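So, here come the structures, one by one.
Two complexes, one shared chain (chain A), two partners (chain B, chain C).
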Partner chain A sequence: MAEEKKNWMNSINARQVIFAAVFIVTIVPILFPLNLPLVISKTTIQYYDTVQKLKSGNTVIFVWNQGTAQFGEMGPPGIAQLQQLMDIPGVKVVVISTGAESPGLFESNLWPAIDPKGKEYGKDWVNLGYIPGGETAIAALATDTWSLVKVDWKGTPISQLPVMEGFKSGADIALIVGNQPSSGEEWQRQFQNKFKTPIVWACVSAGYTTALMFVNSGQLSGILNSLRGGAELELLIKKPGRGVSAMDAMSNLHLLVLATIVASNIIYFKNRGGKKK
Partner chain B sequence: MNPNWSLIVPVLLTIGIYTLLVKETKIYRFIEHLFVGTTMGYTLVVAIRTINTTGVAQVAAGNYFYLLAFVLGILIFARFFGTTYSWLNRYPVSVLVGSAIGVTFRGLPEQTFISQLRATFLPLIGAADPMTSFNNIVIFVSFFFSLLYFSYTITNRPGRLGKIPNIGRYFLMLYFGALYGNVIIQRAAMFIPRIQFLILDFLRL
Partner chain C sequence: MSVILRKTIPSIVIGVLAVWMIVEYFTTVKFFTDIGTIFRNFAVIIAAFAVALGGLSSLRFHTQTIIKRKAGSWEFSAVLVAAIVVMTVTGLMGWLDNPIFSYLWNQVTVPSQQTIYSLLMFYVAAAAYRAMRASNLQAAIFMFTAIVIMLMNGPFTQALIPGITDLGNWILTVPQTGASRAYLIACNIGIVALFIRVILGRETGIIGASKEG
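Presenting the complex of A and B:
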């Protein structure tokens, strides 16, 4: 019996122990929130302030380029980003995706979580859906929008949508709000360089370090660091959601990663010392 | 506890995917293939829909210029018809590559080079406040030594001079550390919403 138990113990490797620990430190704060304080980053404040400067009548492009695999991470920031735009009276929003998966995800998962604050489809906002062609299409969009886009995502001709009267080229756009894995370099090249259009962006955490250099150079006016940035924006717009509720688990996970790094270094140096002897 | 049974399919798929943490199972493989297949199917439908709205509808409306795009699009498949016709594939590829390079190159020098240089050479002394001056010095010094690290003429010099570029290596390591930290945030940010889904949406705890 004792030998059986020993074999079972031996079959467990360090990876599985770490996975189990990850599950525990994530589940516990979701069940019993710790409500740890959340410090709002400078880049999120820059993001929020830039969007708040919008005035009634301004047209904004909301770039939604996430697939289903990224929705867990980038969904909460996307919801907070779009909600902030909907909260500003008179601001018109044009939703655009350059990824095929994104418009469907927008309709099924993002838009249902938004309070439109009385904004009407076609008059105050529109979803143009998937625009293929990558940067070439973005360049055409900036030069002559109506020659590139003929119908919206639902198939309605854009000539029948009053919101599109204010969007004939990149010069009509007051701000670009983006949510895609990278830092939107193609939008910087085609809009920011040419029309000096301010751009604010939400990117995945792995792209945040790179995106920071575009903030320092003024090419991006503010950025959100994935779920963490989304949680910060939820606090700023006073609509705490899934982002904020995830932050306790996020803090715990980071502490666990730090602990594993320290522990593995101690084990490494101990073993190395042993070998030297 | 009052589970929301309408979510049972995504719940089973989520749990099935995480069986990989124990070992690679057939359930994991099945769900992985299901995800890839569903995504491909959906993308294909969207692509056909887009061809209809942006291409077929335009030709039907009398804009025959769009036929050129159809011809080029069909020629992409020429590579599957042996050496006799495969050379025709080069024309659409050339158009795609040429237009993409042309469009990108228009903004590339300003976006990736000039703007970044402008943001690097900032006043080292006499900035708005001492902290800004300090930050500007850090940016310049890290830029200078990181660049020097890739200057192989100096790196290969014998003696102390050859060790100067190694300072750049430490700045690069700091960058990689920050990058790794953010990768950890990303992995956590992908995992936590799944657990939230299981606990808050399905179990409704």
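Presenting the complex of A and C:
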């Protein structure tokens, strides 16, 4: 019996233990929230303050460029970003995607989580859907919007949408609020460099370090660090949601990764010491 | 086909267009802007056709795989072709308002892609165990930096350890930004060099012609 148990133990490798630990530390705080503290980052405060400076009548572009895979990480920040825009009275919002999957995800997962606060489609906000062509399309949008975009995602001519009266070129835009995996350099080149349009951005954690470079240079006015930035924004707009509820799991996972690094080094030095002997 | 048709004329067209778009970007002359707008709209239309072409090309490739019954892959191709056909047809018949499209989108596409992406966390944790070992000075610096950034990014550890935010921010804004800027500037100088080669007609790879012609 003892022999059998020993064989079973030997068959477990470190990877299996780590996988099991990741599963446990993620699932436990979701079932039993720990309410661990969350410090709001400086970049998130910069982001929040920039958006709050918008005035009634301003037109804002909301860039929604997430694929379905990233929705778990970038959905909560996207919801908080759009909700903050909807909360500001009189601000007009134009939703644009340059990723083919993004409009579907917007309709199925993002928009249902938003309280439009009485904002009316066509008058106060519009979804232009997917615009192919990457940076070339963004440049065309900035130069002469009406020559590029003829209809919204539902096929309604933009001449019938009052909100589009305030968006003929990049010069009409008061702020760009973005949510895409990278740090949105193409939007900076075509809008910020040409029209000095302020840009605030949410990107995945891996892109945060690159985005930070553009905050320091003044090309971005604020950034959200993926899910964590989304949680911080949820707290600032006083609408805690999926981002905040995921923070306990995120704290635990960071601690787990640190523990694996410590364990790895202890084993490494122990084995190296043994070999020297 | 002669060299003039194959290489010279396309190179001249690309060169003229490239110079035109650069002039248009840096000036506000209406004539340049108007023509530039037409060029850009052409590019967007071509990009839209490229998306459709990609779908058709994929369909053609996988249909051939099924016909040839390529061992070990034709079954997957069959699933892919079926998915392309069903999603295209139902997408055209109402997109998210179509119950079949909506079901496949909400119950298959979104959760399966999110699951695959989420699995990364398991591998990141396992990779940290295998890779983060202070086996030499460089590896130790790498590990120390990673630990500081992780402590700063972890909501609980950031709140728990005083000074970790300042240290993490210093790493991100000084050495990291310096190195990233150097890399980015180098890449952009490379792009400018490539652009000059294109307008001078010395870069023929983009028109599908080899250097020899």
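Definition applied: the second predicted complex is superposed on the first by the 270 of 277 C-alpha atoms of A that agree within 3 Å, B and C clash if a C-alpha of one lies under 4 Å from a C-alpha of the other, contacts with A are read in each partner's own complex, and residues count from 1 in each chain.
Criterion: a residue touches a chain if its C-beta (ideal position, glycine included) is under 8 Å from a C-beta of that chain, and two chains touch if they have at least 3 such contacts.
The structure presented is a predicted model; accordingly, all values stated were derived computationally and were not measured.
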- Task: Go through the superposed model and pick first if A:Ser159 touches only chain B, second if only chain C, both, or neither.
- Result: neither
- Message: Quick one: is A:Leu38 in contact with chain B, with chain C, with both, or with neither? Answer first, second, both or neither.
- Response: second
- Message: In the overlaid three-chain picture, which partner chain does A:Asn109 touch, first (chain B) or second (chain C), both, or neither?
- Response: second
- Would you check which partner chain A:Gln52 touches, where first means chain B only, second means chain C only, and both and neither mean what they say? neither
- Task: Would you check which partner chain A:Val22 touches, where first means chain B only, second means chain C only, and both and neither mean what they say?
- Result: both
- Regarding the shared-chain residue A:Asn265, is it in contact with chain B (first), chain C (second), both, or neither? second
- Message: Applying the document's definition of touch, where does A:Leu255 land relative to chain B and chain C: first, second, both, or neither?
- Response: second
- Message: After the superposition on A, what does A:Ala100 contact: first (chain B), second (chain C), both or neither?
- Response: both
- For A:Thr143, select first, second, both or neither according to whether it touches chain B, chain C, the two together, or no partner. second
- Query: Which residues of chain A are in contact with chain B in one complex and with chain C in the other?
  - Reply: 19, 22-23, 26, 67-68, 70-73, 100, 104, 132, 134, 136, 139, 194, 205, 209, 213, 216, 225, 228, 250, 253-254, 257
- Complex interface listing, chain C residues touching chain A: 25, 33, 36-37, 40-41, 43-44, 47-48, 50-51, 95-96, 102, 105-106, 109-110, 113-114, 116-118, 121-122, 124-126, 128-130, 132-135, 143, 146-147, 150-151, 153-160, 165, 169, 172-173, 176-177, 180-181, 184
- Task: Please name which positions on chain A make contact with chain B in the complex.
- Result: 16, 19, 22-23, 26-27, 30-31, 67-68, 70-73, 75-76, 100-101, 103-104, 130, 132, 134-136, 139, 150-151, 155, 185-186, 188-190, 192-194, 204-206, 208-209, 213, 216-219, 225-228, 242, 245-246, 249-250, 253-254, 257
- Item | Residue ranges of chain B touching chain A (in the complex, touch as defined) | 21-22, 39, 42-43, 46-47, 50, 53-54, 57-58, 99-100, 103-104, 106-108, 110-112, 115-116, 118-119, 139, 175, 178-179, 182-186, 188-197, 199-200, 205
- Mind pulling up the chain A residues that touch chain C in the complex? 14-15, 18-19, 21-23, 26, 36-39, 42, 67-73, 100, 104-105, 107-109, 131-134, 136-137, 139-140, 143-144, 147-148, 194, 205, 209-210, 212-213, 216, 225, 228, 231, 247, 250-258, 260-261, 263-265, 268
